[in-house]
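Alright, structures below, take your time with them.
Two complexes, one shared chain (chain A), two partners (chain B, chain C).
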Partner chain A sequence: MQSIIILSILVLLAPLVGGLVYGIERKVKARMQNRMGPNILQPFYDFFKLADKRLVMVHSTHAFLGVMHFISIWVAVAVLIFGGDLILVIFLHLLSTALLIMGGFSTRSIFSHLGANRTAISILAYEPVLIIMAVSIYAVNGSFQISSIIGSEPLLYKMPLTFIALLLILPIKLKKSPFDVAEAHQEIAGGAEIEYSGIFFEAIYTAKWLDYIFVYALVFLFGGSNYLLGAGLVVGTFIYLNALDNSSARVDYRQMLKFSYFVALPVAFINLLITLFN
Partner chain B sequence: MRSLQLLVLSLFALPPIAGLLLLILPKVLGRIVTILSVVALSAISVYLFVNFDKPFQILIPGYSDKAVMIADVLLLAYFAFIAIKRKSVLVGLLTIGQAIALGYLIKLLGNHEGGIHAQFYVDRLSLFMFLLINIVSGIIATYSLQYIDEEDCSPYRKKFFMFTMLWFIGVMNLVVSADNLEYFFLFFELTTLASYIFISFRKDKESVTNALRALWMNQIGGIAILGAMIFSLSTIGYETLSFQTLVTSAHTVGLLLPLALLAVAALIKGAQMPFSSWLLGAMVAPTPVSALLHSSTMVKIAPFIILRLAPAIKGTHLSLAIIALTGFVFLAAAISALAQDNFKRILAFSTVSLLGLMILMAAIGTQTAIVTSLILILFHGISKCMLFLNAGVLEKKFHLKSALDMDKLAESGPFTSFIVCIGFISLMLPPFGAFIGKWFSIEILGSTLRETRGLTALVMLAIACGGAVLSLLYFKVMGLLIARSGEKDKVTFETTHPLYNINLVLLLSLILAGVICLPFLLIGYFGPVASDVLGSAVAVDVQSNFSISIGNMSFPVIPMILAFLVLPVSLFISLFVRFKKVDRVKEYACGEKIDYKFNSFYFDTEFLLPYFKAVGLVFFALIIILTVI
Partner chain C sequence: MRPVRFNINAKKANIQDAVATVQAPPGFSGEGFFTTKMSDVVGLARKNSMWPLPFATSCCGIEFMATMASHYDLSRFGAERVGFSPRQCDLLMVMGTISKKMGPVLRQVYLQMAEPRWVLSVGACASSGGIFDTYSVLQGIDQVIPVDVYVPGCPPRPEAIIDGFMRIQDLVGQESIRRRNSEQYKALLNSYGIE
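Coming up: the complex of A and B.
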C-alpha cells in the first residue's frame, strides 16, 4: 500500500521533474555554448506565461487532440513508473505520439502536415530498436515486467551494445540534432506542434517534459537494482545528448532512416544474438 | 446434443436456401429474407457457442460419400469448362492434374473403404469460426443488398451476386466443420469457385484475368489437399482421411508430409507471398466481395487450417518453415503496401501482412500463441470488414478510390473519415484487439528465443520492423483523410443509405465492445477455444493485481482501461467537443495564400515485390523439402 502511494506521488510529480530536467538542459546547453543561459526555473515561468496567453485555436478537434497527447503520455509514464509491461509501455508511448501526429494531420496546415509525416517516419526509425531492446532485456532477465527488471542485477554489463543502440536512437526520439527532422524549426517551423498556441500549446510543451522522464526512465532501467549506476547512466546520457545536440547539424530524414536501420538496429540485434548464443 | 447437431446442419443449409429464395422472390421480399436469414444465422452461432459443452461429430448417411465424389467430378468438369471457355492453359493443366489425382484417390479409396468415420467434427474452434463467419459475413450481406443495387448491371445478375454470397457463407460453415478430408477438399474447391465467380463478376477483361489467376493459384492448393489425402492413405500409420485422426496420430507416425501439404494449401488460400497476387487481384470485384474475402471468410481458412494442425506440427521443422515464411511475409507485405495509393490495395496488402502474423502465431502453437492467433483472427476480421465496407461507401458516395484524393474527406464526410480512422487505429494501437495480437506476438517470440535462437530472433526482428512499417502505412493514409480547415469547426455528419450506416455503426460498436469485453472474452471465449485447439486446458486466470494470466503471459487490465479512455473515447469526444470563448486563427502558411494539396511521402518500394515473391517461393519449397527430409 505504502509503495503504491509513493509511486502515485512519483507519477504526479513527473511533469514537475521533467520541467526541471528541461530547465537544467537549457542551462547546460547554454554553458556549452559559452552563454549564461536562462534560470533553471525558466520552463515554469514559460508555463505560467503560456497559461496567461489569449486563447487561440484552429479548430476544437485539433486543440483537443493536443491535450489528449499530454494525458496519454502521462499514462505511458505512469504505467512505466508502476512497473508495467515494457513492450506495452513502448506501445502506450506510441499511442501518445499517434495522438500528436493525428493532431498535426487534423488541420489543413502545410507545416503541420509535414511535421506529422516526419514524426511518423521517426517512429519507423526508433520503434524497432526499442522493441529489440525490450526483447534483449527479456533474454537476459526473463521478464518483461519493469518492476522485476528494476529489481534485478544491472543490465548494462550484459548488454552494452543495446545501450549504445539506445543512445543512438534517443536523439530521434527526443527530436534532438542531428535527428530533429520532425520539428526542425528553420525548415518546418516546429512541425506537428506549429498550430498549437496558448493553453493548448502548454499541453504539448509539458508533454515534452514527460517525454524526458520517459526516456531517462528507460535509460535508468539499464542500472537494474544498482540505482547509483542507473543515475550515473542518466547523467551521462543527459550530457551526451546535449553535447550532441550542440555539436551536430541536422541530417535528411532519409539519412536518419538509413542510420537507424543500418547502424543502430544491427548493433542492438548483435547484442541480442550474443546473449542468445552465450 | 441432437439439437446442437441439427442447429449446425441448419447453418449449412439455411444460407443456400435463403439464396435460392432470393433468386425467385421480388426485390423487397428478397431483402427481408436475406436480413432475416443472417439474423437467424448469427443467433444460431451465438446460441451454439453458449450451449456447447464438448466436441461432437455429425453422422450423415453413407450415400453422401458418393454424392461428394460426384460433386468433386462435376466441379472439375466445370473448371475444365472454364479453362476451355477462357482459353486458359494453366487452369486446364491444373484441372487435368487434379483429375488424375482424384482418379488415383478414388482407386485408393476402393481398398480403404473401412477407414472413414464421421464426416463432420464440431469443436469450439469451429464454433469460433461460425461466430466470425456468420455475424461479420451477415453484416456484409446486408450491406451488399444496397451496394449491389447501385451497381450497373442487370437485376438478374444482382440477384445472382447475392445468391453466390449466401451459398458461399454456407460453404464456409461447412469448411470449418468438415472432418473428412474428401469433404474438406470439395468445400475448399467450392470456395475457390466462389472466388472465381466473385472476381469475374464485372466481366471486363481485367476481372476475368484476375479471376483466372485466383482460380489457378487456389487449384494448386486443391492439388496439395489431394496429395495430402493420397499420402495419408498410403502411409502406414495414418491410412485415414479424417483430419482429427491425422493430427492426433502425427506424433506416432512421424512423417509430416500430408500435414505439410495441407499447410501449403492453407498458405495459398491465405495469400502468402508469392501467392498474394490472387487476393490483390480480387480488388476488381465489387467492394463487398473484398470485404467478404479479406475479413471473415476466405483467407481465414488459412489460420484455421494451421490452428487445426498446430498440436501436430508444434516444434517441428515444418512449423519452423512456416514461421520463417510468415514472418517474412509480414514484413514484406507491409513494405510493399507503402508504395500503394489505391485505398483497397493498401488494405489488401495489410491483410496479407496480418494474415502472416496469425498463421505465424498458430504455427508456434504454444498456449499463448494460439490465444493470440484467435484474437487476431477475430479482431482483424471485424476491423478489416469495417474498413472495406467504408471503401465501398467512399467509392459509391464520394467517388474516391485513391487515398491521395481523400484530402478533403474530413470536411465532406466526417463520419466516414472518423470510421476509417478508428479502423486503422484498431489495427495498431492499444487497447484494440489487433494491437494485443501484435504485442503478444512480440512477447511470445521473445520468450521462445531461448529454444530456437537465431531463426526466431530474425522473425522477431521482422515483426518489430513490420509493425513499425504498418503503423507508418496507416498514418500515411489517415493523414490524408482527417484534415479539416479551421472554418469547419462544427462537424455535421453526412447522410448515407441506412443499410450502409447501420452496418458500419454495428461494426464500430462490435470493435468497441470487443475492447471493453476483452478481459471477459479472454476468460470465457478465447481460453476455451484455445483449449479445444490444443486438446489440453489453457489456463486463463484472474490474478490478484488486476491482470489476467494466459499461459506464461499476463494481460494487465488497468493500463488497458486507461488506454481505452485515452484513445477511442477521446477520439470520439474530439469530434464533438467545442471549445467556447476561444478565438480562432487561420493556419500558418508562411504568409502565403495558397490552396495546398496535401500529400504524404512517396515510398518507392514497388520494385521489391518480385524479389519478395521469389523469396516467398523459396520458403514454400523449404516447407516441402524440410518435411520430406
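Coming up: the complex of A and C.
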C-alpha cells in the first residue's frame, strides 16, 4: 500500500522532474556553446506564461488531440513507473505520438502537415529498434514486466549491443541533431506542434518533458537491480545526447532512415540473435 | 467575447442586513493579497519567458542575429525560443524598413498573436521611417500597430537591442495580470482600429 502511494507521488512529480531535466539540459547545451544560457527554471517560467495566454485554437479536435497526446504519454510514464508491461509502455508511447501526428494533419497549415509527416517517418526509424529491444529483454529475462526487469541483474552486461542501438536511435526519439528532421526549426518552423498555442501548446510542451522521463527511464532499466549503474547510464546518456546535439548538423530524413535501418536495427538484431541462440 | 477568468471590477458586497462593515484603512484597499501575489508570479514568469517573433525586413535583422548568437546571447533573458508562429509568441520585434505595402502584413501578424503581446520597434526605420522620407515607406510602425518600446540606431548595436529588451521586461514584470481587459488598453487598440 505504501509503495503504491510513493509510486503515485512519483508519477505526479514526473512532469516536474522532466521540466527540471529540460532546464538543466538547456543550461548544459548553452555552456557547451560557450554562452550563459537561460535560467534552470526556464521551462517553468514558460509553463506559467503559456497558462495565461489568450485561448486561440484552430478547431476543437486539433486542441483535443494535443491534450490527449499529453495524457497518453503521462499514462505511458505511469505504467513505466508502476512496473507494468514493457510492450504496453512502448505502444502507449506510440499512441501518444500518433495522436500528435493526427493533430498535425488535422489543420490546413502546410508546415503542420510537413511536421506530422516527418514525425511519422521518425517513428518508422526508431520504433522497430524499441520493439526489438523489448523482445531481447524478454529473451534474457523471460518477462515483459518492468518490475521483474528492475529486480534482475543488470541487462547491460547481457545485451550491450541493444544498449548501443538504443543510444543510436535516442536522438531520433528526442528530436536532437543530427536526427531532428521532425522539428527542424529552420526548415519547417517547428514541426507538428506549430499550430498549437496557449494552453494547448503547454500540453505539447509538458509532453516533451515527459518524453525525457520516458527515455531516461528506459535507459535506467538497463541498470537492472544495480541502481547506481542505472543512474550512471542515465547521466552518461544525457551527456552523450547533448554533446551529439551540439556537435552535429541535421541530416536528410532519407539518411536518417538509412542509418536507422542499416546500422541501428542490425546492431539490435544481432544482439537478439545472440541472446536467442545462447 | 474573450474568456475572462478574473474580475477586473471588484464586486459590491450585497449586504441587506444591518451589519456594520469596517472601512478598510487607506492603503489596504484595491487588489486582494492573493491576486497581487498571483500577478507577481505571472509577471515574473512572463518577464523571463518572452518568446520573440522576429519580423526582420532589413539590416537591423542582422543585428538581431548577432544578439541571438553566443556572444550577446538573448537566451539569458529567457528569449531563446524564437517562434515562427505568431500564435506562440509574446514579443513582436519589428526590425527594418516597413514599406507602405508591408504595413497591412505587419498588422496582420500583430493581430494573429495571442494576447498578452508586446511590440519592440528596433532601429530608426521601424521607429520613424529613418532616412527613408519617401512616398513608399511607412513613417514609423506606430501608424499601424501600438509600440511599447523604441530602440534608436541605424542599425542599433546588439547592446542597444538588449537594453530595449530589458525595458520591455520591466514593463512586463510590473504590468497588471489582465492588462488586456483594461479600458485604457481597449481604447489604445480602438485608436488603431483593432476590435
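The rule is short, and it goes like this: the second predicted complex is superposed on the first by the 278 of 278 C-alpha atoms of A that agree within 3 Å, B and C clash if a C-alpha of one lies under 4 Å from a C-alpha of the other, contacts with A are read in each partner's own complex, and residues count from 1 in each chain.
The rule we apply is simple: a residue touches a chain if its C-beta (ideal position, glycine included) is under 8 Å from a C-beta of that chain, and two chains touch if they have at least 3 such contacts.
Just so it is clear, the structure is predicted and the values come from calculations on it, not from any experiment.
Enquirer: Quick one: classify A:194 as touching chain B (first), chain C (second), both or neither.
Expert: It touches chain B and chain C both.
Enquirer: Just checking: does A:26 make contact with chain B only, chain C only, both, or neither of them? Give me first, second, both or neither.
Expert: second
Enquirer: Could you figure out whether chain B or chain C reaches more residues of chain A?
Expert: B
Enquirer: Taking the superposition as given, does A:278 touch the first partner, chain B, the second, chain C, both, or neither?
Expert: In the superposition, A:278 touches no partner, neither chain B nor chain C.
Enquirer: Look at A:39 in the shared chain and tell me whether it touches chain B only, chain C only, both, or neither; answer first, second, both or neither.
Expert: A:39 contacts chain C only, not chain B.
Enquirer: Who does A:56 touch here: chain B (first), chain C (second), both, or neither?
Expert: The answer is both, since A:56 touches chain B and chain C.
Enquirer: A:48 contacts which: chain B (first), chain C (second), both, neither?
Expert: second
Enquirer: Taking the stated contact definition, name every residue in chain A that is touched by chain B in one complex and by chain C in the other, in rising order.
Expert: Comparing the two interfaces on chain A, one with chain B and one with chain C, the shared residues are 54-56, 189, 194-195, 197.
Enquirer: Using the touch definition up top, name the residues of chain C that touch chain A in the complex.
Expert: Against chain A, the touching part of chain C is residues 2-3, 41-42, 44-46, 48-49, 51, 70-71, 73, 75-78, 80-85, 87-88, 90, 114-116, 177, 180.
Enquirer: Spell out the part of chain A that touches chain C in their complex, as residue ranges.
Expert: By the definition above, chain A touches chain C via 26, 30, 33-39, 42, 44-49, 52-56, 185, 189-190, 194-198, 201.
Enquirer: List the residues on chain B that touch chain A in their complex, please.
Expert: Residues in contact with chain A: 410, 421, 425, 428-430, 435, 439, 442-443, 445-447, 449-450, 453-454, 457, 460-461, 464-465, 467-469, 471-472, 475-476, 478-479, 482-486, 488-489, 491, 554, 556, 559, 562-563, 566-567, 570, 573-575, 577-579, 581-590, 596, 598, 600-601.
Enquirer: Looking at the complex, which residues from chain A come into contact with chain B?
Expert: 54-61, 63-65, 68, 71-72, 75, 78-79, 84-85, 87-88, 91-92, 94-96, 98-99, 101-102, 105-113, 116-117, 120-121, 123-124, 127-128, 131-132, 134-135, 138-139, 144, 189, 194-195, 197, 265, 269, 272-273, 276-277
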